[in-house]
Structures are given as structure tokens and as C-alpha cells.
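Quick one: structure below, then a few questions.
A, B, C, D, E and F label the chains in the order they appear, each numbered from 1.
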């Protein structure tokens, strides 16, 4: 495990709880889930699909907080332990040089990534349809917004935590204007985080839990075995979409090449806080904290598009599982 | 509050429970919800979307009771306190002069309105498609049925409790033959409760919780600030419709003119009895009792298209909220 | 034939062409169809679905003229012979007391009906969706607009040419907001042409050429055998809708009761001017002129939503055909 | 009750629990539902829609176990009491003479039927779409697969437990390639369980709980009153499909003739284990055990496409209910 | 060519016209197309998708004639030269032992096949949905109807002209209840033309002109290179379906094995009689006559679901084309 | 007119035909349309949506030629007069450094643009869905392919003929995976023709002929009044899409700002070669030649997705029309 790369300038211990006795799952839930209920912030409908990073002596994050008009917004938050959070009551107001780009319509499903010298935030940003907003912060108080990475319609834009082949790199999932019944993950490169190109196809939906669409989850984690990508997959039942969680290992230098990818899911909606809420049957990962010395990985995921939850795994077990259960 | 108009010939105290400590919501739920479970009447599948009025020393109402064939029906009920109810085991059999109009196909989502000298009932009535049935009763035992107000396809017909400009007035929501993915509220007038015209557009869906369609809820309440209209709005998630509750103030003389309308919802499905049931994620208001001296408003709403629930608010707080959170 | 009722104050001969030799059809086309091509009026995209009546020594009418933005509009026209027309280059600007009702959005598929003392026009009028606009003229120069007859969403509103049971009467076809894949004909009554009620179901789609929806065509013609209603029916092929023409006889006193209704169509799209154009495969009747002494009926119908055409029949043959080929 | 025919070579007592005090329902749930939770077998996502028969001194069955890739599979199981089960951790590998037929794609919703000298299994089998797989076993250890009964697309194939008119007989529900929004039950005959013909229509969806589609459930039970068919019906709400349970009596000699059929459902989803899970609001019967001496019937049904449940009824009461509540 | 098997008891010369000068197409049209216009039979809407065989000194056939109610029907016809036809004015009334099977709802897209000792007719037969009707005639005057071959929903059932492996054999295309947006060709066997089984998948849609669905056309022609199957493929444009014609060679003994299959189409809709009519852009083959001594093949196909057309090819050229342009 | 900028190194006279007498249209058709029929190239299904530029003493172009498998391909062509063309019988094989990008799946709807020192080609390129392919040629014999400009799903990528603000600039229309029922035009910039960013919204569909979607047509033409953009708009009738042609003037320095935009169309499908073919009712412009000294503009457009056509206009008249008929 000591080969896992340290991402971020500071590194507190990750939140952790051992696997329950008798549990055979590679990924297990936190026994006190959800860590953030929908009532955790006044005037907010729900807190979920949230992006957390180590920050200072503790943690910071960007949280999707739909307001009570059901407008999707991003709020900043701080935590000493990664479990108990102070969420800003006001949404993030990004500073932006261009008024047309910076004009807020909606923002959701953020990811946060320490990259070179700052924390970058990517999210689904409303600009004549959903596309990938890009911004950054140094302190989780002031946020600046750059140009949208892509043309609409796109969701689930996830930066790699370092340049690849000299360029910035991002995964994303082109979509349509609605509840998109399709979705592949693509890879794109940029010299400047403004202009993007050299787009490559990474992975398509297959069958079962990932039959309808797939999308990148947390910032990929660099490991000797490749980039560890935790992702979500969607199955369409006669009652709508079900979001589950899987993982893949991508080539370190050509991340659009998939080395392994889980045929089974790692975690699927089965607890009430995942099955009952604004969108039933959703487990949606947006962040993962890594503790290289121990190989611990703590996954932050949204439950039922309503609450924020934790799950845990050991990297060595996970890597082994991915390899042995690969498509 | 003393300006609020007294509707109905008799006025018992409305059911009431104070706002829980720590709760900041303008509308709060009854702690013993649901007041009517799906098992409350033998041979019935569910009791919800029910219309309650003061009656005699207590209360009376018309209740949507789907039978165990899932045929939508209306039942009458009586209550001393508005919370505990005796529901008639048999559906209402309306007396009607015209057999073709009176032929029962289905009836659902009733509203009851004291108007001039009797209790009028409006409901979604099956006549070659859903339209607005109109009937009345003096005693909640015998009910007479008039002509359907409109051509199909229509739902959520709600009478005003007095004539406006000399005419009877009704809100309704034209629809299609199925689960209608659109819906505006319109206003119509009638000299005789038989012929309707002078149709005016009142409000359209906008975004967020009220993005797909909106429909009038309880009988509008006359206040100095305008007609208080509690209404439902629908959001379409990838797993179907979510029904929440909002409010508007309409011009007293030209009720198709919206003075204020809540951007946020007042109450949305979040309790299990609202999220789990025949239709998950539904909070659907059909009646509101008012106590002018105290400004108390008690809202009756359906949970998950399965059970009947109560929520409470103070008119002065609600009015203030509507004005300060207007679209 | 002499029993056919004379509608309208004046009665020129109807345009007429004898049935071609060898033709066995009850309804036959004019050999010089279309009588109005899409180029007949400058700045207009198409002229079709037009309503013609006897007027003065000749004929007048209201024509659907989509402009080159494809906005649907109504234009007035005059003709000496019913075949060659002068169409006003400007759309009709209805005078209306209420600005909200009179505000023009779009207008299409007009019908014109001599009723008591004036020519009434009904059409599909845009008011927060399609509904039935009602207006009148004495001279086809000045037009006044009344209230819309019904709530949206409705199309194909057709007045009866006299009161029935003391009330004005209209057929219409409730619809949805788009290309409506369903549609029944309903009957409504009004004491004042403003308020409408006593809605009755008249006929539903069945199968074959009239499997998807049906809608009233020209003003019903009073005959001893009942009201002669020429109507359109729609079949949905794998390439969209096909509009054909049929006929029914309705009870004189209770016109919602269908006495006979053609199982086969009378005329279906088969000429190039019916099969090729803005909407392929459309034959859509909006007017019929009657010559009681001879029993001649001249039908005006739109071809391919692009041009205006004529077809002819003899009432006695048509009545016989309807009776012998009834559903 | 003694006229009920004994099906199967051995007959242990069926699992049983008396109707709860105060319950008036003809069919009542087991108080310890679900008898199999989704965690009951390692590496499995869910266990539901399972087919159970008396076997030896106890019971055996074939269970739908979706794996954690959400691939639908069949597992064998044994039980001493019909309530507590040992499920094979590996899916059934059918032996098949023809590789193309025997190639496993997916298998779900099994039924098991003692017929002449062995236990036949029918299921929804993936062969270029869903169709009806047919196999058999003598011991629930070794299973052989025959030809698929029908062309795709078909589901819910259910064998009769004896020949009818000299031929094998099966009910099935032709479908489409997806979540099929229609579905009638048909009857087919075969001289050899390979070739099927003489297809007859049995029943269509009607309205309410069985408005969208219907499908046969457990193996029909022969009674003096006819074949007792427990079946499922589907209603489409604005949030998807709801599966409930009803029953019919079919003619003994011409089983495509329906003698009686319940207008109300017998059991619908209302417990959390039926309303919350991989597919909310599903109660789906696949097996029924009968104890002729007592008339007890124990129904095995799936809850929320996730867990396995029991319900009970008395045949005499059920027969009476079907007759008195027939469509 | 002399190896091509003679099908049918008699063999007149096939209708023939040489390839036009300068034409490079493998299949070319008859210069006098259509040979049957929609007016060819009184009271008929259209004549197309027709099945022709050599008969006596001339030809006979079964024709799809939609009546003027647009009910799909089958008519018999005779011809001396295969080009000029006498069509029976009345539809075929099949004699059937079972009233339920023989009850006529609709019949369309017939194929005729000389098999052993008689002419078998298969067609799309309405029995609670579309399925494959089977009947036979000796004289094209009296027709008898057998059991439907399959459960609904199925179309394009095409018999092989001899037993294969001792069994009768049929191709068909399982479908849904509407305009089916999918469709594979399957193969089934029967010992008695009543019971069918051993279903095998033959071919799926691919891309381009055959991207949406494929269906068998004329009776397969036995050749040394395999069964020559002329089939239709469907492409979905933004304006609906386009039907084109291709060909395949199937293994003689295991006809579900495709040896070659054309990547390009052989003929697509481009003449007005194929592009304009009841269903624009349809060329749909239902019959092919073969002259083994010369290798001439004459294809009968429907144009625009309205008229009947001829096309010609030489078998040796066609075989060569199929092999060189195989998918 | 002399202010119109000369685009391209050489400048032959554009093809031209004067406006017909009596015609009042701003844009008029060539009397010998189509200039390329579907039979113009052997083995090709259709030639349309073609991009033409001045080249040498004549003209060259890239043509969409669907092959007879209906695979969409690009062919190069040369012409002396812009009307009569020699089309290469083989599709263009782009040379590409990256095999994954250069792998041909399909290519359609090309545009050609002289930019700095070469002819750039953009087209809809199949790479895991439709996106914008970019290539260039110096001689219309050898073509090189660059990276795809954008992520899928995108169509109608159109380069500006010079850098704007120092960057290359492109219009495009993000879409979905199918026949996209929506579509806005966006603007993007690139420093290197590889990486693209600074995406700006240009225009949305509105109503009428451009109600469903809009897409850029020919390379924008620089004029003193702004960039002249000829574009297509789509209306959805009950029988599918109709493509018409309009124009806009965009700000020279900030081309995402629309100065004027035609409310009416300039040309819509009305000739048979526009209304009948592989996709009925399509007029789709892909190129425009300009003769600055005379102000003549010659538009190349596809008819019915089948043939190639010409239309003409005078720039001064067109500019005037756009300004006077602006939305």
C-alpha cells in the first residue's frame, strides 16, 4: 500500500470503522449512516453527492445542497473528523471574470481535487443545459470559477489529480437534456484547464447494474496497479433508475484504457436511507479519502439523492476484488 | 387575523398541535400522522386526498377511498374532532337527474366547499376520461350530482367559497388521458354552476419542485391579502413524479392574477408515510380548516396516495413567508 | 332533398362538377384540385383547412394561412364562384373587449357557421395552449372575438347552425398540448355562447382509418335523417398520422346520439396534393356547401396541410351510403 | 376440500400460520416475513420469485437469485419445513443436448411443477430475448434442459400439473423486449413438451390493479370448481408498475375459458418488504402449496423483487371470494 | 442454374423484362410498375404485399387488399401472365373447424408456398394481437384455415417449400403489439403444421438500411448455394420507417445458420410509387417466381403499402452479389 | 457589396441564375434542380448535404454520399462550373496519426472552409456516437484528419473562415444519440484546432419552422453587417421533422451575439425533390459561394436527404430581409 500516491498537501487520518464481524463484503457501510441528514442545514431540502478532501488538520468539502425550491446548489463545509460537518448556510458564490459564465443557474454533484497548488472543484453546471463547471479554491471560503470545460450536455466531470502526459485530464459523461437513458465515460485533455481536446472513449454501460449508463465517481486514486476509479452504474427497472457503485483500474499513462472493471457492483442501494428519499434506490459516490500507510479508503456517497453516507474498504482487498471479478 | 373570512355555517375549533420545539418550518406535521391509515375502512385499499369541512359541532368530509380493485371512489365521513373519523363503508351514491352523467365510473381527489347554502363537492369524475364532477350535500348523507363542469380531460377542480363578480368561480387543471406530464391552473366562471366560461390562465409550472405541473389544493381562503391558495407542484425525477405543497395569494377580484407565489415548497415528502405507499413521494393537500380568531390553519393532505395526514401553520407566518419567498 | 334545411341568408349555386365516368365513389374530387395552391397569397406558406359559406351573390370564407414563419393564421376571402378566391393579404385582426383573450398567439382550422343573424367563426385559438376561439362577422371585413369556449386543450370546435333545445350547441375534440394521439368528439351547450356546459360524449375512435382520433369537420347539415356530420379520422402508420374523411348522422334533438356512422372512409389521401406537402397524407374537411334543391354537397378540404381542395357528393347517395355502411 | 387433487408424490404438511385475530382478509401474510432476506445467500443480491414444491419429507425449490452483477439466475434449495431454506450457493447448471439452447444468458421467475414422473421447471430464459425455458429434475441436484417452449418474447410460462385432453398444457404471457406495458395470458398445448400449438387466449388486463398486464403465478391447482389460478396484475402509477395478486377459476377441460376472476386483488404491496427494495411495490406469486385434507394453501411470493415471503389462505374461503367478487 | 430446385407442380415462364441498358443494379424494376394500382379492385383501398405462385397454365396468388375502412384483408387472384390480374372482389373466407381460430379480425402480408401437395398460405392474422395464420388451398377458390402457428405477437411467417430434417419449417419475426421498433428472424420446426418448436435464432438487425428490424420475404428458394432468402430491412429516419430489400443464403440443412447476407440493400424505395402512398418509403417483397432453366427470378413487392410491383434479377448474378457483399 | 470579404485563394464566378419573373422570394431555386441526383455516382444511394468551395479555376467539394448499405460517407468532387460535378467513386480515406481517431465508422454532413492556408473539412464523425470530425486538404485528393473537436454527441460543426480574437472558432449543435428533438447553436474557440473551450450559447429554437432545433449551415460569410449565418431550423409535425432554411447576422467580434435572425424561413421544402426521398421534407444548406463584386450568393443544399440542389440570392436583399424580418 505504501505505493499509493499521497494526494493533497495535508493528510489527516481518514474516518474509519472496521468491517462488521461476519460481513464478507469488500465495501462496507458506516454503522452511523447517514452522516448528514436532510435536516442538517436550515432551509435545505437535502445534502448529498458531496465531495470531501483533507484540509488543514481536518477536512473540507463541497456539498450538493438542494434548497427547498429544489434548486440544486453547492455549499462549502468544514469538519475536524470527516464525519461531523459544519456546512455553510449560504451557497458558494463563485467569482468569475465572465458574467455569462459566472451567472448562476444551478450546480450539482461536485467533485473536489487537489491539483498542483489548489483545490479544483468540478460540478454539473447549468449553462443552457447541464455542462461541467470548473473552479478552484485555496481555502474553501473564496471560490473562483473558470470556463465551463465542455459544451452541454454533460455531467460527472472528474479531474485527475495530476497532469498526464503534460496535460490536465478529465473524465466526463456526455448526456442529453433530461434524465439521459444512456451514458459512456470519456477522457479529455487540456493544456490550460480552459480548452479541452484529444477526447477518448473509456467505458460503456454493459449489463445488469451498469446496463443503462456509467459515470465517474470520486477523483481517481493513483496506485501501482493503475488509476483506481470508483464509478456509478445505472440499471433501469420498471420503476426507474437504480444507482450502484463499482470500480475500475485505468492505465496510468493512457487512462482511457481500462485494465480491469468490476462485473459485480461494490455497493448497491439496500438500506432505507438509500432506498427511500427524493430519488429512491440511489447510492452515488462523489469522493474517496485515502490513507496510503494503511490502505484505508473512505468513500463518501449520496443516499437516495437525499443524505450523505460513508462506506469503507481496504485498497489491497479492493484491488484484488477488481482483478478477480473483472468484466 | 380577525380579517380572515369565516367560511361555513358552523365553526368548531380546528385540530391543532403546536410547532415542535426547534422546528423552523412554516408548515409542520402532526406528530401522530397519519390520522387515517389504509386499514381504517374494511375493504378499502387506501384513504387519502380527502376534503374536510366544519360541520355541526364537529367535522364532516368526503374521502378518496380506493377499493381493493383499485377503483377510485368517494366516501363520506364524520368526526367530532377532525382527527378521528367514522368513514362510511359504502361509497357515495350521487343522485342525478341524468343517467348518463350520474353513471359511476370512478371518482377521486374530492374537494368540499361551503358555498351560499350548502356543501358543494367537486372531484375528478370519470366520464369518457377524467373531468370535474360537481355535486352538493346538506347533510353528508344525501348527495346530488350536477352536470360535469368541463369537458374531459381535467383534474383538480376547486370552487371558490363565494361568487366573484356575481358568478361562481372554479380553478381547475386541464390534463390529458394519462399521467399528464404538464399542467397549468386555470380559472373559470359560471352563472349557474352548469355552464362555465370566461376561462383565464392563472399559473404555470416553473422549475424545481413545481417544474412539471401545478394544481389547486384546498378551497381558497379569503384573506385581506388575497385568496390564499395552497397548491401542489410536481417534479419529475428519474424515478417518477414527486408531489409537494406550496401556496399563492391571488387577487380577490380577479383571482387569475397571482400576487405572490412561493418559490420554495412548504412541505415535501420526507416522512415514510409520504415516501412509501401506493405512489411514493406524494404530499397532496385537498383541504384546509381555518380558525380566524387564532389564524390557525390545519391542512389535510394525502401521503403516498395511501394515507391521510395533517399539517399546521399560522396564517400570519404563512402570509409573510409567501411574500418574502415569492417567485 | 327538398327537406334539407337552408342555412344562410343567401344561396348561390354551389360549385359543382359531375362525377367522372366510371367512378363509383360516393364522394369525388374536383378535377382542377387544388383550387388554392400554397403560392396563392404572397408571403404565405400554405392555404388549407378553410371554411367557406354562401355570402351575398357569391361566397366568403375564413382560410388557414400559415405564414412563412409557420405561424398559423386566419385570413378572410371572397369569391364569386366558390372556386376562384381573393384572399386578404393580412390576417384577420379580431376586435375583442378583453385584451388577454384577444391577444393573438395563433389561430387555425377555422369553421364558419351562419347562426341566427351573423356568421360565427370558431377556430383553434392559442391561449396558453390550443382551445376553441369564437368570433363573428357580418361582412367578412370586421370580425369580433368572444370568449374562448372551453378550457385548453381543445381543437375542432364546430357550431351547430341553430339552437338545439333552446341552447347554442358545439362539437369539439378535447386534446393535449401536442400532436394528441387520442381524441373523441364531444357535444356542449351554451345559453349565451360564453358559458358552456351539459357536455356529452358523441363518438370515439374505433379502428382502421379512424383508429387514433376523430374530429368534427364542416358545420353539421340539418336533414330529415338527422344532422349530417362530415368528420375526419386519423390512422397512425409507422410513418405518422393519416387523415381521412367520413360521415355520420346524429340525432336532430340529441345530437350526441349517433344514428349511423361510416365504417369505411369517404375520401382518403391518394392524390399527390394530398400525399405530398407540409404534412403528408392529409385530407381534412372544414366546410361543406349545400344546395337543397339538387341535394348537391360541395366539400372544402385541406390537402397535405398545404393546399385547398374540393370534393363533391349527392346527399341522397351519401345518406344511403352512411346507412348501408354504418359501424 | 377433500376433492382437491393431490399434486406431487409426497405430501408434507404445508407451512401454516393462522389468520391474525381481527383480520378479515382472505389471504394473510406470514408474521415472520420475509422468510428469505437478500442476505440469505453469500454473493447474491436478492432471493425472490421462488418456486417451491413438496419433496421427500420436506420441500425443495428453485429460487431466483440475482447475483451482485444483477444477472438473473436460478438456484436450487431444500427445506425441512418450507420456511427455513438451504439455498445452493451456485446457480443451477442445466444439462442440455443442444449447446445453443443450453448456453446460459439469464434465467428468472421460475415455476416448478410435478408432472407425471418428475419435477418440471419453467422459467424466463434468455435466448435472443426472454422466452420460456423448460427443464426437469428428479432430485433438485441434477437438472436437464429441454427446448425453449416458445419464440421470444415471452414470460411467466406455467405448466399445468397434468395433461389436458391428452396434451401437456402451459400458460404464458407474450411480451416485448423490455418492461412490456401490455400482457395477456394465453394457453398452449404440446404432445411432447417440445412443440407447442393450439394457442388460446385466456385473459386480458382490465382496470385498476390489473389494468396494465396480467401473468400466471403458481402452478394451477385442480379443484372441483375448476383450475385455481393465482395470478399477478400490474397497475401503472406515475411512478411505475405495482404488482398485486389475484385469482381465477379456469374450466377444467378448456382452461382458456375463465369461469370466475377476482375483481379486487387478494394481496397488494403494503408492507415495507413489499414496497421498498430493488423494485418498489411488488408482490409476485410463483408457488402455492396445497394441503387437500385441510384446504390450506400457502403462497410463496416475492417482495419488492428482493425477498421471499409467505401468505396463507383457506381454499374454501378463497373459492367463495372468487365467485362473489368476480369481474 | 439447372441445379435450382423446381418448386410447384406447374411451371409457366415467369414474367420478365431485361435489365435496362446502362443499369448496373443486380435487381431492376419493371418499367410498367406498378402492375396493380390501388384502384384495381372496387371498394379496395390498396393492393400490395402480395404472394404469387405458378398455378395451372398461369399464376395465382393471395393479395393484401385493405378495404376502405382500412381493414387488412386477403383476396385471391388469378393471372395468365403474372402481370395482369383478376382479383376476387370478396375477401377469402377461410373454412376452419374451430370458430375461435377462424373468426376473422384482420389478415395481411400473405405468403403462399407449394408444399408437398397443396398451396399453403401464411399471413399475419389477428387473434388477440398479430400472429401467424396458416391455411391452405388446392385451387385458390376454397381455403381452409389451420391453427395459428405461434403465440402473438408475430409477423412475417414464411414456410420453407419442403420438410427439413423431417419437419416442416417456418421463419417468423416475433414483434410487439404496435409498430415494433425491433425484430429478428427466427426459425421453428413442426411435425404437423400445428405444434411448433425447436426455435432457433437466424438473424438480427445490424445497421444502415437494416438497422431497426428484419423480416423474411418470399418463400425461400432452394439452390446449391443454400436457401436463398430475400428479406426486408427497416431503417428509422426522423420521419419514420423505410423498408428496403436484401438477400441472404441460409444453410440447406440448418437454415438458421446464415452463410452470406447482403451488407447493401438490393432495392430501396426511390420511385414515386414506392415513396408516396399510404406508408411512404416502403419496398416490401412477399413473393418470388423462379425459372430454373434461365435462372430468372421475378420478385413481387409492395410499394408504399399501396400498390403491387415487380422487380427482376438473375440468380447467378444475385448469388455472386450476395457472396461478394456479405456482412 | 464591395465590403464583403473575399474567402479563399481563388475566385471563379459563382453559379448563377436570375430570379424568375414574378418571383418575390429573397432566395430562389435553380430551375434545373437537383444538380446531383441519387444516381449520379455508381453504388451510391444518395448525394446531398454537400460542401463546395472555389478551387483553382473551378470548384471542389466534399459530398455526403450514403452508400447502398445506407452507411454515411464523404466523397470528394471537382467541377468546372459548380453545377456539373465529377464525384470520386471511392470515399475519402483520411490520413490520421492516431488509429483510434482515424478509424472510420461513418461521416456525414460535411462543411469545407478555407482557413489561413488550406481547406478545412468538418463533419459529423462517428466515434462512439456522433461528434465533430476535423480534417484538412490542400488539393482535395489527400486529406488529413485531426482530433475530433468535441465530445460526442454533436453535429453541424462549422468553422469560421478566420481567427476571431486570435483563436479559431467553431459553431456546433450538441445533440443526443438519436434523432435529437432539441438543439441549440453554440460557439467555441481553440488556439490550435485541437483543444476547444470558451463555449458560448448562440441561439435556441423558437417557434414555427425553427421550433424544434436549429443548426449552423454554410461557413459564415463575413460582411460589414456581421457574420452572415445561413442555418437550418426544424419543425416537428405529426409526421416527423421538416427542415427549412433561415439566416442570421452575428456580431463580428463576439459571434455568439445575434444581431438579427429571420423570423420567417428563407426556403422550405415544397418541390418534389425536397418533399419526396429518403427523408421527406428536408432542405438542408451546407455551403454558400459568394461573389463579392456582385453580391451574388449561391447556396448548396440537400433535398429530402437524397439529392443536391442550388438556390440563389443577392446579399443586399438578403441583409435587408434579415433586418426587416428579425425575431
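One rule holds for everything that comes next: a contact is a pair of C-beta atoms (placed from the backbone, for glycine too) under 8 Å apart; a residue touches a chain by one contact, two chains touch by 3 or more.
Please read all numbers here as calculations on a predicted model, not as lab measurements.
J.: Return the chains common to the contact lists of chain E and chain F.
T.: Chains touching both chain E and chain F: C.
J.: If chain C and chain F share one sequence, what is the angle of the rotation that overlays their CA atoms, in steps of 5 degrees?
T.: 120
J.: Based on mean C-alpha positions, I'd like to know which chain lies farthest from chain C.
T.: When every chain centre is compared against chain C, the largest gap points to A.
J.: Just to confirm, which listed pair, E-F, D-E or C-F, duplicates the contacts seen in A-F for more than half of them?
T.: It is D-E that reproduces the contact pattern of A-F.
J.: Distance from the CA centroid of chain B to that of chain C, rounded to the nearest Å?
T.: The separation of the two C-alpha centroids amounts to 40 Å.
J.: How many angstrom lie between the CA centroids of chain C and chain D, rounded to a whole number?
T.: Here chain C and chain D have centroids separated by 55 Å.
J.: Could you put a whole-Å number on the gap between the CA centroids of chain A and chain C?
T.: Using C-alpha averages as centres, the distance is 59 Å.
J.: Would you give the residues of chain C that are in contact with at least 2 other chains, written as numbers and ranges?
T.: In chain C, residues 239-240, 276, 280-281 touch at least two other chains, as defined above.
J.: Touching pairs of chains, which are they?
T.: A-B, A-D, A-F, B-C, B-D, C-E, C-F, D-E, E-F
J.: So in the complex, the part of chain C that touches chain B is made up of which residues?
T.: Contact set of chain C toward chain B: 100, 127-129, 131, 147-154, 172, 174, 176-177, 180, 182, 184, 186, 188-192, 194-201, 204.
J.: Would you mind writing out the residues of chain A in touch with chain B in their complex?
T.: Touching chain B from chain A are residues 38, 42-43, 45, 67-71, 179, 239-241, 276-281, 305-306.
J.: Residues of chain A touching chain D in their complex?
T.: Touching chain D: residues 24, 207-209, 211, 235-240, 242, 244, 263-265, 268, 270, 272, 275-276, 280-281 of chain A.
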